[in-house]
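Naming follows writing order (A, B, C and D), and every chain is counted from residue 1.
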Amino acid sequence: MVRVGIIGASGYAGAELVRYLLGHAGARVTYLASDTYAGRPLADAFPSFLGQDLPDCETYDAEIAAERSDVVFQAQGNGVGMRVAPELLEFGKKLIDIPADFRLKDLSEYKRFYGADHTAPQLAAEAVYGIPELRADEIAGARLVANPGCYATGAILALAPLVWSKLADLRSIVIDSKSGVSGAGRSKLEVSGLFCEVNEGIKAYAVGGHRHTPEIEQELSALAGERLIVSFTPHLVPMNRGILTTAYAGVGSGAASTGDLLALYRDFYSGKPFVAVLDEGGQPNTKSVFGTNFCHIGVSLDERAGRAIVTCAIDNMGKGAAGQAVQNMNLMCGFEQSTGLVCAAVFP
Amino acid sequence: MVRVGIIGASGYAGAELVRYLLGHAGARVTYLASDTYAGRPLADAFPSFLGQDLPDCETYDAEIAAERSDVVFQAQGNGVGMRVAPELLEFGKKLIDIPADFRLKDLSEYKRFYGADHTAPQLAAEAVYGIPELRADEIAGARLVANPGCYATGAILALAPLVWSKLADLRSIVIDSKSGVSGAGRSKLEVSGLFCEVNEGIKAYAVGGHRHTPEIEQELSALAGERLIVSFTPHLVPMNRGILTTAYAGVGSGAASTGDLLALYRDFYSGKPFVAVLDEGGQPNTKSVFGTNFCHIGVSLDERAGRAIVTCAIDNMGKGAAGQAVQNMNLMCGFEQSTGLVCAAVFP
Amino acid sequence: MVRVGIIGASGYAGAELVRYLLGHAGARVTYLASDTYAGRPLADAFPSFLGQDLPDCETYDAEIAAERSDVVFQAQGNGVGMRVAPELLEFGKKLIDIPADFRLKDLSEYKRFYGADHTAPQLAAEAVYGIPELRADEIAGARLVANPGCYATGAILALAPLVWSKLADLRSIVIDSKSGVSGAGRSKLEVSGLFCEVNEGIKAYAVGGHRHTPEIEQELSALAGERLIVSFTPHLVPMNRGILTTAYAGVGSGAASTGDLLALYRDFYSGKPFVAVLDEGGQPNTKSVFGTNFCHIGVSLDERAGRAIVTCAIDNMGKGAAGQAVQNMNLMCGFEQSTGLVCAAVFP
Amino acid sequence: MVRVGIIGASGYAGAELVRYLLGHAGARVTYLASDTYAGRPLADAFPSFLGQDLPDCETYDAEIAAERSDVVFQAQGNGVGMRVAPELLEFGKKLIDIPADFRLKDLSEYKRFYGADHTAPQLAAEAVYGIPELRADEIAGARLVANPGCYATGAILALAPLVWSKLADLRSIVIDSKSGVSGAGRSKLEVSGLFCEVNEGIKAYAVGGHRHTPEIEQELSALAGERLIVSFTPHLVPMNRGILTTAYAGVGSGAASTGDLLALYRDFYSGKPFVAVLDEGGQPNTKSVFGTNFCHIGVSLDERAGRAIVTCAIDNMGKGAAGQAVQNMNLMCGFEQSTGLVCAAVFP
C-alpha cells in the first residue's frame, strides 16, 4: 500500500485528490496538511467527506510528511513547491507538484509570468512535465513531476497530433478555451468569484497574457521540433467544472477531409486509456467527463478555410489537476495508469 | 460475481445504476435493455460511458434477461414493474423496481394516484418497501423490493425518529421539499423542462396532491403505529441533482432543546453507514451528497414555536434512486450494505 | 422632477434603484454616494450603466446630499440609517431606508436580532413600515419609510389575507422561503458565496433565528389583532434573484375549498397593481417576476390536512428591495404607485 | 402612435418584442398572432405579462394584421417571412423579419444552408440587412428589413472596423462564439435542450457549417470590398441569454499596440448609442448587457502573435434579435434609434 501525503488538503485540488484516492486500490491517504484546518477533520472543510476514514489535517512539517508518506502531492499553491521539494526529495520521497513551480524549463519565462525568481533551478531542470499521454516513460522514472496546468492539458492534448505530424501551420494556431470556475480555487475571495457575478454571464480574461501560455508553447514546440507561438484566450463559463478547448490550426492542403484528421488522432492516441476520439460529427461535452480523468476529442476539417478545428473536453479538476496527478502517481509507483481512475462521469 | 440486468438502461436512473455498478467489487452489469438504443452501445446515449466495458443495449426479453442476470433492476417507468415482475420472479430472479408499482400496500391509493388498476396485487402485497435504514432484515429476505420514491426517501428519513419516538404531534407535520430536475427523467419532453424555463427560477408543483404523499404517509404511519396525514409540497430548483427536505413537526414540550432532538436522531441512526446527523447548528447542503448514496440531516428545535425543524439532504439519483437500489441489492445478495457505494461526493 | 440621492450606490440594491429610476418619468438620480467608488462613474462598479447619464459617485456628505436631493434612499447597510436619518430629515428631506434600522417597533427585538442599541428611537417610532399594499396612506404621509426585508415582504404578502380574515390558526403558521443569493449583497466576501459553493446545491440557514422573523411577526400580528409566532426557515437557491415563499397555515373547517381561499385573496388584493393572484392550480415562478416589482400568488387548500398552502413569488431585489422602495417613493411624492415600475420581467 | 403587429408572439423573440414595446413611448402593440395561443391572453404563455394591457393572441390573418398594424414583426420562424411578406407589403405595411428568409443576397447560399428554394427572390433582393450601425440610411428608407442572426450580429460588430480598415488579414479570421441557449427557441423540444443536459456543460456544435456563416461573410465581405472566408464555431453555454464572440484576425505589423486598435474601434463606433468600446484591458461580460440592446466590445493586440483579439458581448435576444428589431423599427418610423431601448441591464 502506497502511503500518500497531501499538502494543501483543504483546497479544491487537495479535496479532489482525496476523493480519487479513497477509491484507489493500491494507495491510502496517510497525511493531510492544511494550515486553515490544522487539528480538524477534513470533513469540516468538506462535509462531503463525512463518514470517510481519513487522518485529521495538520500544519505542514517536512519530517512528519516524510515519515508518513511515500508519495506527496503538493496542492497548496504557486511558490510552495520549490520550498518543499528539496527536503522531501532529500528524504527520498516522490513529489507531484500540482501548481506551476516546476513546469517551465525556461526560468526567465517563469519569472516573467509568475513574478518571482526560481529558488530551485536544478529541480526545475530535473522535473518531468507530467502529461502521461506524451511522456509516460519519463514520468515512470521521475522522482519529481510537474503536473500540467488545466488549460495547458486541454490545449496540448487537442493539438499534439497536429503539430507532431507537421500538418499544422505553426504560425496559425489559435486556442480558445472555456473553463468552469473551480480553477480559481477556494481561497481567493474576490467580488468576481461571487455566485451572482458569475452566474448568467461569460467573459474572457487575461487575453494575450495568461500564465499557461508558456507551458503550452513549451510542450507543443517540443512536439513540433521547432519554436511556435500561439494565441491563447481563456474564458470563464458559469459552471463548476470542465474545460472545453477549441483549437484552430491552418492545415493548408495537408488534410483532404475530416476523416484524414480523425485517422491521425486515432493513431496518435491509440492505447491511451483516458483519451477518446469521437466519431466524425461528434462534439465533446464537458458534462461527459465531469468528475473524471477522461478527455474527449472532436476533430473537424473546415475545408473552405483550410483549417482544422479540434475540440477537447476535460474536467479541469480531473484530467486538468487531481486526476492527472493520480495518473502520474500510478506511473511513478508502478501501478496501471488507470488504477483508481476508471469511474464514469456523474451524469446528468 | 452477481450478474446484473437493467431494464430502462438509457434513462437517467438506468445510467446511474450502471455508474454505481461499474465500481462494485461483487457485481457486474451483464444485460442492458433499452428500446430506444437497442443494438447500440450505452455510450451512444451517454458518452460518459465511452471506454467502459459494458454489453450493448437490446430490446427487453424476459427469457434473455433471466438467462443473463441474477438480479434485475427495473428502471424504465411506472407500470412496467407489474408487467415484468411475475415472469422474472418465476425464473427465480431477484427484482428491484425503481418506479412506483410496488410501493403502496393500499391498492385503492395506487389507483387514485397512478390512475390504473394494479395487475399484480399479490406481488404488491409481497414486495418490501426498500429503505434499508428501516427494513434491512425484510429487504435481505426479499425477492421483490420496491425502491422508494426520491421525495419519500428524504421525507421518511427526516421524520422517522420523530414519529417513531412519539415526539411529533401527528397532525402538525409539514414537509417542504426542494428538488433538482433530473427527477423528471430524460424521456419527458415538455417546455417546462427546457433549460431556459428552469434556470433562474423556482416554483412549487402538484401542491396538495403529489404521488409520493401516500408512500410517505404509509411508512411514517407504520412507524408511528397510527394513521397520520401530512402536507407535502415539492418544488423544482434550478440544479440537476439533490433533494433538500425541510420537515416541520410540533413537539410541544416533548423536547427541551435541540440537543435532545439530536440525541434522538443520533441514537436512531446509529450504525447506519449512509446517514450522518450533523452537529448542532450544522445545515446539510445537497452539494455534499452529490453523486452519492449519503444522507445528511440537520436538526433544530424552534423553541418559540415548539416545533422541530429537520433538514435532510440526499441526491435524488443516489439515495433517492439508484444508490438506494444498489444498497437494497447488497442486502438481498449478502454483500456489505456499503459495497460499491462509499465514494465521496464530487465537490465542488 | 423629483431629485433622488442614493447612499450605497455601488451595492446591489443601490444599482437596482438606479436601474428603476432611469426609467422613471418623474424622478432623476442626482446624487450617488459610495465610499468604494468615490470620484468614479458608477459604470466602473457596474458596466451595465455604460452609456447612461448619471452623476459620478462621491463620499457621502449630508449637506451635499441634502442640497442635491429631494428624496434619499439609504441602501448602504444596517446601522447607517439611524446615523444619517436625523440630519437628512432635519434638512427636510424624505428618506427611504432599505436596511433594517427602522423596521421594528420593539427596540428590544432590534437589539436582540441586530446586536446593537438603537440610537434614534424616536425615528424608529415614527417610521412607517413600507408595504404599500397594507399601509399606503401612512406611507403617503411619511417622511421616513422603513423598506421591508425581502423575505418579510414575501411572507407578509403570502399570509396577510389569511391572518387578517381570522381564517388562519395563528399557532400553526410555517413559512418556508427559498431565495436567490443576491440578497447577501456584493460586499460580503465569504467562501460560502463563491459560485462553486452555491451552484448545484441548496441549503437552509439561520433556522429558527433569522432576522426577518420579528418583522414578519410584527406585521402579521398587527393584521391579526393579536400576537402570533411563526416558524420561518430561509433557504439559498442557486439563482441570482427571486424569493419563493411557501406558507402553511391551518384553517380547520374555515375554508371549504381552494375557491373560497382564492375569493378571499382576490378581494384582499383587489386594486393592488403589483399583486396578481393566479387562477386555481396556478403556481407562481420567480422567473415570471424577475427584475420587476410584481408579486404572484398561488393559493391551495390541502383539504385532507385542513391547511392552506400559499406560494408567493417576488424578486428579492424588486418587490423585496429597490422596486418596493420606488413604489414607496411614488406614494410619498404623489406619483402613481406604478410610475417607473411597469416593465415586464426579462424572460427567459 | 405607431401600431405594431407581431407574428409568432408566443415564442421567445415574440415575447421579447412585446417586452421592449411595452416601454416604447411612440409605439403600441395592437396585434398578436400565435397559432398555439389563439384566443387566449399572452400571459397564458408568459405569466410575466400578467397585468399588462395587451390584445389577446389570434390566428394569423393577413388582412386583419394589416388593418390593425402599421409595422409588423415576423418572429415565428424560417420560411414564414417569404410567405407573409408579399401580402403585407402589398397592403403598404413595413415588415421586419426576425428569422433568416431575407438575409442572404445569394439565393444559392440560401438554398444550401436552409434546404429550400426561395419563393420571393425579388423581396430578398430588396430587403435591407438590418444592422443599424452599418446601414442606418438604407434601413430608414426600407419597407422590408431582414433582422440579422444573433451570432452574425456579434461577429460583424466585432470585426467590422478591422476588415473595413483593411488591417485584418482576410484569410486569417477565426470567430469563436459562445451563446446562451434561448436562441434555440421555445418550440423545439429535444433531449439536448433539457435543463439537466445543458446545465454544467459546454460544447461546440455545427462546427464548420453553421447557418449564420454566410451572412457573416456577406456583410464582412461588403465592408472589406472583397470576398472573405471565416471559420465560425458556435458553442452552447449554460445560461439563458448572451453571446460572447471572440474574434481573431492577423494584423501583421499593421497595428503597433492595443491603443492603435482601440482608436480605430472608437472612431468607427463614434456616435453609435448602443456600442461601447471598453478601455484597454477591459473585457466585456454578457451579464452587463443582459436584457438590453447594448453591445460591449473589448480590443486587444496579441503582439507576440501579430493578432487582434476582439471580444464582443450582446444579448442574443436583445441586440441579437428583438432589441435590434426595435432599433430597426425606430429608424424605419422616424423615431430616435434609442427610443424604448435605453434601459440598463438587470444585474446581477
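FYI, a contact is a pair of C-beta atoms (placed from the backbone, for glycine too) under 8 Å apart; a residue touches a chain by one contact, two chains touch by 3 or more.
Quick caveat, the model's predicted, so the values are computed rather than measured.
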With respect to inter-chain C-beta contacts, which pair, C-D or B-D, contains the greater number? C-D
Could you work out which pair in A-C, A-D or A-B copies the interface of B-C, where over half of the contact pairs coincide by residue number? A-D
CA centre of subunit C versus CA centre of subunit D: separation in Å? 36
Centre-to-centre distance between subunit D and subunit B (centres being mean Cα positions), rounded to whole Å: 46
Where subunit A touches two or more other chains at once, by residue number: 12, 180, 182, 196-197, 199-200, 238-241, 284-285, 287-288, 290, 348
Spell out the part of subunit C that touches subunit D in their complex, as residue ranges. 12, 15, 18-19, 22-23, 46-52, 182, 186, 199-200, 240-241, 273-274, 276, 278, 282, 284-285, 287-292, 294, 296, 342-348
Please give the residue numbers of subunit A that touch subunit C in the complex, ascending. 12, 180-182, 186, 189-191, 193-200, 238-240
In the complex, subunit A residues that touch subunit D: 172, 174, 176, 178, 180, 196-197, 199-205, 207-208, 229-231, 233, 235, 237-242, 244, 246, 248, 283-288, 290, 298, 300-305, 307, 309, 311, 313, 348
